[in-house]
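The structure under discussion is supplied below as structure tokens; questions concerning it will follow.
When the chains are written out, they are named A, B, C, D, E and F in that same order, and each has its own residue count from 1.
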């Protein structure tokens, strides 16, 4: 395969396909946010005994969208004054024991870190939205025939609520909160930054759920393929694909991108076969905020060491 | 790989590991069946225009477990007198447009065929049981920490209800009903035969959900691996695996096998890497009913032409 | 891989490369048909006990090209008046026990169905043409250095003879006969429609043996690769490739396409890596008859459920 | 995979399964040899201009079994006195331009080398035995339902005739002729040594066509799998497999092994997945002649450098 | 593949093959340590600007075996009193930018951490031992024909020297130093603990370079295969393998295990295909010190979240 | 994959990207050659007993660059008058016992053949240049941060010295010497022809180390990928890649090509995924000498039978 596959870098830099949002796009999100607002802010935590000195760790539960109990890890260094905060979102079908350690490792760098565990994907976070339709394995097509039932509607709102929860903690300085995550977590990072005014900084590695139309055509691997699979299954009834594609427009990070106002950094590897570079640049080139992009020629959909220090530097600049 | 992998055939023939059911196993199912019985029998159908003469085809909906709307295809030849009936169950994550054609093809052989579309897995069948815990992609671990929430509890009951629905149709002779299916459909076939006295014949190709303990250790491919994956994710908290394994005992087809009373045929390929032969023989060797097994040396988890005529012959013998 | 790989759909729709046939192309086929005509029409059948009521099934043998005994399955519903007929052709190296069941399933839809088993590829059909040259595994290069010895010359003629045999049966209305098949069977469907005036309808899924020149360059998988392999083996003697490519022009379905006069339907999946879409559109765009094409965005070289009802509908419209 | 897979070496050394030959085994071969003897010895050659001094190269044709024209390469160093001779046989579906170079390279070492090109597998060698039955791709199952029609019957006889041809050349000392080959060529080497008294030395690398019964069960890769594939296709009609397995007994090198009387060397790699070591040891342990075995721990079915010098040394010892 | 492949767990627990060390094993290491001791302790560091508050990070260079300049990362929290120290070793061919971040993450937990970059494998660490012989790609066979030239002789000594360097730092309490690493790093962890009395704790994930004899036979993947490859290349000259195997006995962690005196924890996943469980248990069962083993049923050669807290707990218990 | 992938043939034929050499390119090589010249010509040989008559075989050692002992095989036919000579170079990480046989096979065609075993890659050839930096597995990045330390600087000089050694042998006519090799051996063939005036003929199959810039972007497989891997590892420190790419310009065969003055033949397969055709044409199109190219449509990076006779013919024309 051509090593920097997808479009050449010079084309990626200016790739800005038309937005696909429907006229009621903003109304949809206003109503959805109101629905979230109707759920009272509620959270509780129980200490977790982590074998490291100088850090406090908690299992946390909060009420998410539709009153679903959502689990999270919370960690912060023992310190007297209010800390800057970070909400962290994990990748698709990725949550596991290691979310705990990831949360602690970031907290030790001087932040109160709350890592939300995505509903349905992780123990304790309850996916309580019933879909009127079936789907293929995974969550990408759950509720896809109705924007109000689509899986990510609730998850985007949980992501916003997680920010409200972190801001509500006594140990946290609510004016210095950032969001971070990669892949699905990158999508949630950008969605939360678009749908909440709490974040002052958004750091998204190779965001997922972006520019679906092209992803369906070009992603060689990974969960975008669930869409292709779903469409296959309903090939005799093409109205299913039409409806599903319409639903996706409400959740496409590309369509949400222009709403983001905080400083935003996006990272992308040029050999990423799961979130193709063009789908990520499509988002980046629609950002209207202050922004930066980290481009990694030799990396795919994987941890990128060269992206670590730029992100830590931005946290220091914007949150400390 | 050794071509007939797993145990040698002579060992398979006598492989009968101890049942793993807990003391309240039968109580669990009695209560579950009572819960199903509390849902009134309700079904409706709308004609579907299929371009073949002499057959009637319908889209059907019935109330399943927990009052969930369950979709099905119904087809039967135009005929004056009551027909023998067959409930058909599809494979895991397998349902698609072709279920329609499969249903018609079997109906044309002289049966009223109802193919249930598994909840959540297929458009129109609503998975309305909320799980208190998350899971990995797929349905194998949905609700796995509580037998009352486990995904297959509802599906097994839907499978029983599908039989009651078919028996209720005026075109059907309720005393001549069979069940058929492969893989997940084979598991549902046997579960329905164990939990309902309607079926007079059960035909199960390489049944899934059988002898989980060994499947976890030996299945080289396929969705049993979701269990391994789930256990991986919770490796720091071994009580999760313990609880999950306990839940599985209630749904293990091996534990349900002794309850089956109708004539039962099971088919298995000796190079099946998804439902290993030993897990299938474990079920077969625990059957207490009249039974037959079809053993196919050169086949894996796939359509087995040599199994077609034996199944059609049994339908003629037991249902016509 | 780009999901709709090969040319973009808008280019496929108008892709019409020049024909490659040699001046004596039509003479070649006239002489070949005369050679077939010299073989007297002879066929016999023995009943086969299939465990389904209302259908008659036979093992059939007829004299094919060069007097070779050719086997076939024959099935039709028990009925008083003459039935419409269908000759069915199977895929490359694909014939097996399941041809029997496929034949019955189609017959039950109201047709007298004869499925020819390709010579050499299936038990009982004798490949009696000796090739002066060796070949690589498979049949694609058997006799490839001489059009008169090429494997498919005899097979195309057997396909024509199968039509004559079906027309000759008392149970069949010879004026309502169609041809159907996929892949190699799709090629034979179109070849038979081009070389015989019996068919009133041709239904070809992803036809093989089409537009060889491009197939050699572009097919990522499947038996077109036998040609590449054959050419590799003779790389020191380039005259072999030249001669072989010339032979192929006589059998290229693209070159036969303009001769077809009955209504023709072709189906193709846009991610088919065995019969690349462009090779199929090359055929379609050279058809001069009444025609339709079914395009399936998410399918490769595999059964396509969405193609079933369109084909059944055409059978009803043209044959019943 | 366990690196020396199959049986442990100490078990391989004594592995001697019972012969499977039928009572008429020797009669079958006597009659077959008589049938060959009825074909008059006929051969011709045309010089081939090979760009190396001191060697003469020819394209050769001789009459093989059933009077088929069989092609061969012939090469020998320019020399005054009669040369020792070697007949070389190539691997399965392997012949190509490089057979020419292989022949020259061996000739340059001081031998008159004739490399037979297997009928059907290579340009110019005509496979003129018609099989009453079809087969799967490849030659392993061609004619498998009748020992008289089985593909290798003719090939074994061609291999014997090639020896007679070489002996008949004026440049050759007919009393110093050996046979050599690997894989299929190893099988032909041993078959020729068993069925002809011309060879004074047999050198067989990982011989194929040996101990079929075990090969079907254990070979993870390669053309033994054609047998498994063939049996799959006829799974509804088990008499086909029975008949085919009976045919194979006549051609199993293991059954021919006890007939060999010349010095025989066999080479085998312990990670050979195409001709499993146990199938080769089964042959070796049934040899009643003077014999040696080369065992290569780290090699599979591939050229084994360590086997070259032992073979060259044996040629010097036995042929020069 | 059998999911817990290799030996069953109950056999692993008692698997203790005989040691393979030669009579001069201890002399060899005494002399080697003397050779190291002759290199004066020399190290220097330059601050590295890492964007996190409260931690000091340095690029470090020290003189390793044979006076080679060896690079390392050094990090520790800003603190007044001497810190416990940890020397960390990375995996085979694994070092990269991320070693920096790994070092910082561990330092933030309250330790002065020095991560040595293995010579030749990483920028700045010079591999200055010339081998009289060539090798295959990788380092496993570099110098393998002479224990004095073998690659790991120098690396084991660098690992010891790294401990001496860390102990020498003013910020470190030399009486509370541990060693940690996985795979190659696990081997170095154990080698350092066997060859130096500085470590008070050794934490080794799935150690490499252990029980070579079995690894050659059983490892399905990974760099043990370099040995197999090397032996292949010299198959004509078996004395090469003999000599190489002898060299390996000096470096086999199994042979060094009995020398370890500090508390030792070893972790192993039961589906590890790169360092097979039996090779790790062989080491563990030869440990004569206070010891623990972490067994992870569902993990291969990869980060194991469940192993993190046990290791952190041991660091607290033994080093703080 | 498009079968002739990379650029279309007509574009390949004219593909001539700008040279990348730095101003001191020729000075660099002058100084390097002077450094070689300072090593006195020294070589010795010991007879090797090869079991073929009429050929003499020796193990040879000579002093290479930096006085490293370099091993070689030497073979030639027993003959009275001086022989034409050929220096042969092997592929990357490819040398093994078979180099011996390859050498003999070519010698038997009438040449004194010396096959150099590349330092470090093969037993006995000592890689005695210490690199100040580490590298990834393999030799491609060894010393890559400094042209004077780069691995191939010494190897190119060894290749020149091998020519001087062969010319120095009494059995050889020093005015008739050629160079030959494939892949890495093809690169060395061209490098030697560019840096020495001894060769009268250069025969290079799919030369490696050519047009690095494009190879990094396009090679789907093989050791060019070591560069991509090395750059990945240092992604946080982009100056590393910059420096490495500069070093490569000194060794790029494309930059050396214009210096070649003897007749040169290059062979390339159009489906070569290891040395992409465009990188080879880039070299070819920069050759200023008398030249020919062999283009093989159906071949990748593998032995190409059709290339053998053209090469033998050129040897006869230019060396005999």
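As a convention for this text, a residue touches a chain if its C-beta (ideal position, glycine included) is under 8 Å from a C-beta of that chain, and two chains touch if they have at least 3 such contacts.
Here the structure is a predicted model, which means the values were calculated and not measured.
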Of the pairs B-C and C-D, which shows more C-beta pairs in contact? C-D
In whole angstrom, what separates the CA-based centres of subunit A and subunit B? 37
Can you give the whole-Å distance between the Cα centres of subunit B and subunit F? 64
How many Å are there between the centre of subunit A and the centre of subunit F, using C-alpha atoms for each centre? 51
Residues of subunit D engaged with two or more neighbouring chains: 96-97, 100, 232, 235-236, 305-306, 308-309
What topology does the chain touch graph have (line, ring, star, complete, other)? other
Over in the complex, which subunit D residues touch subunit F? Could you list them? 50-54, 96-98, 100-101, 105, 108-110, 303, 305-306, 308-309, 312-313, 315-316, 320
Give every residue of subunit B touching subunit A within the complex, in rising order. 93, 95-97, 100, 117-128, 130-139, 145, 232-237, 240
Along subunit B, where are the residues that touch subunit D in the complex? 1-4, 296-299, 304-306, 308-309
Can you tell me which positions in subunit D touch subunit B when the two form their complex? 216-220, 228-229, 231-232, 235-236
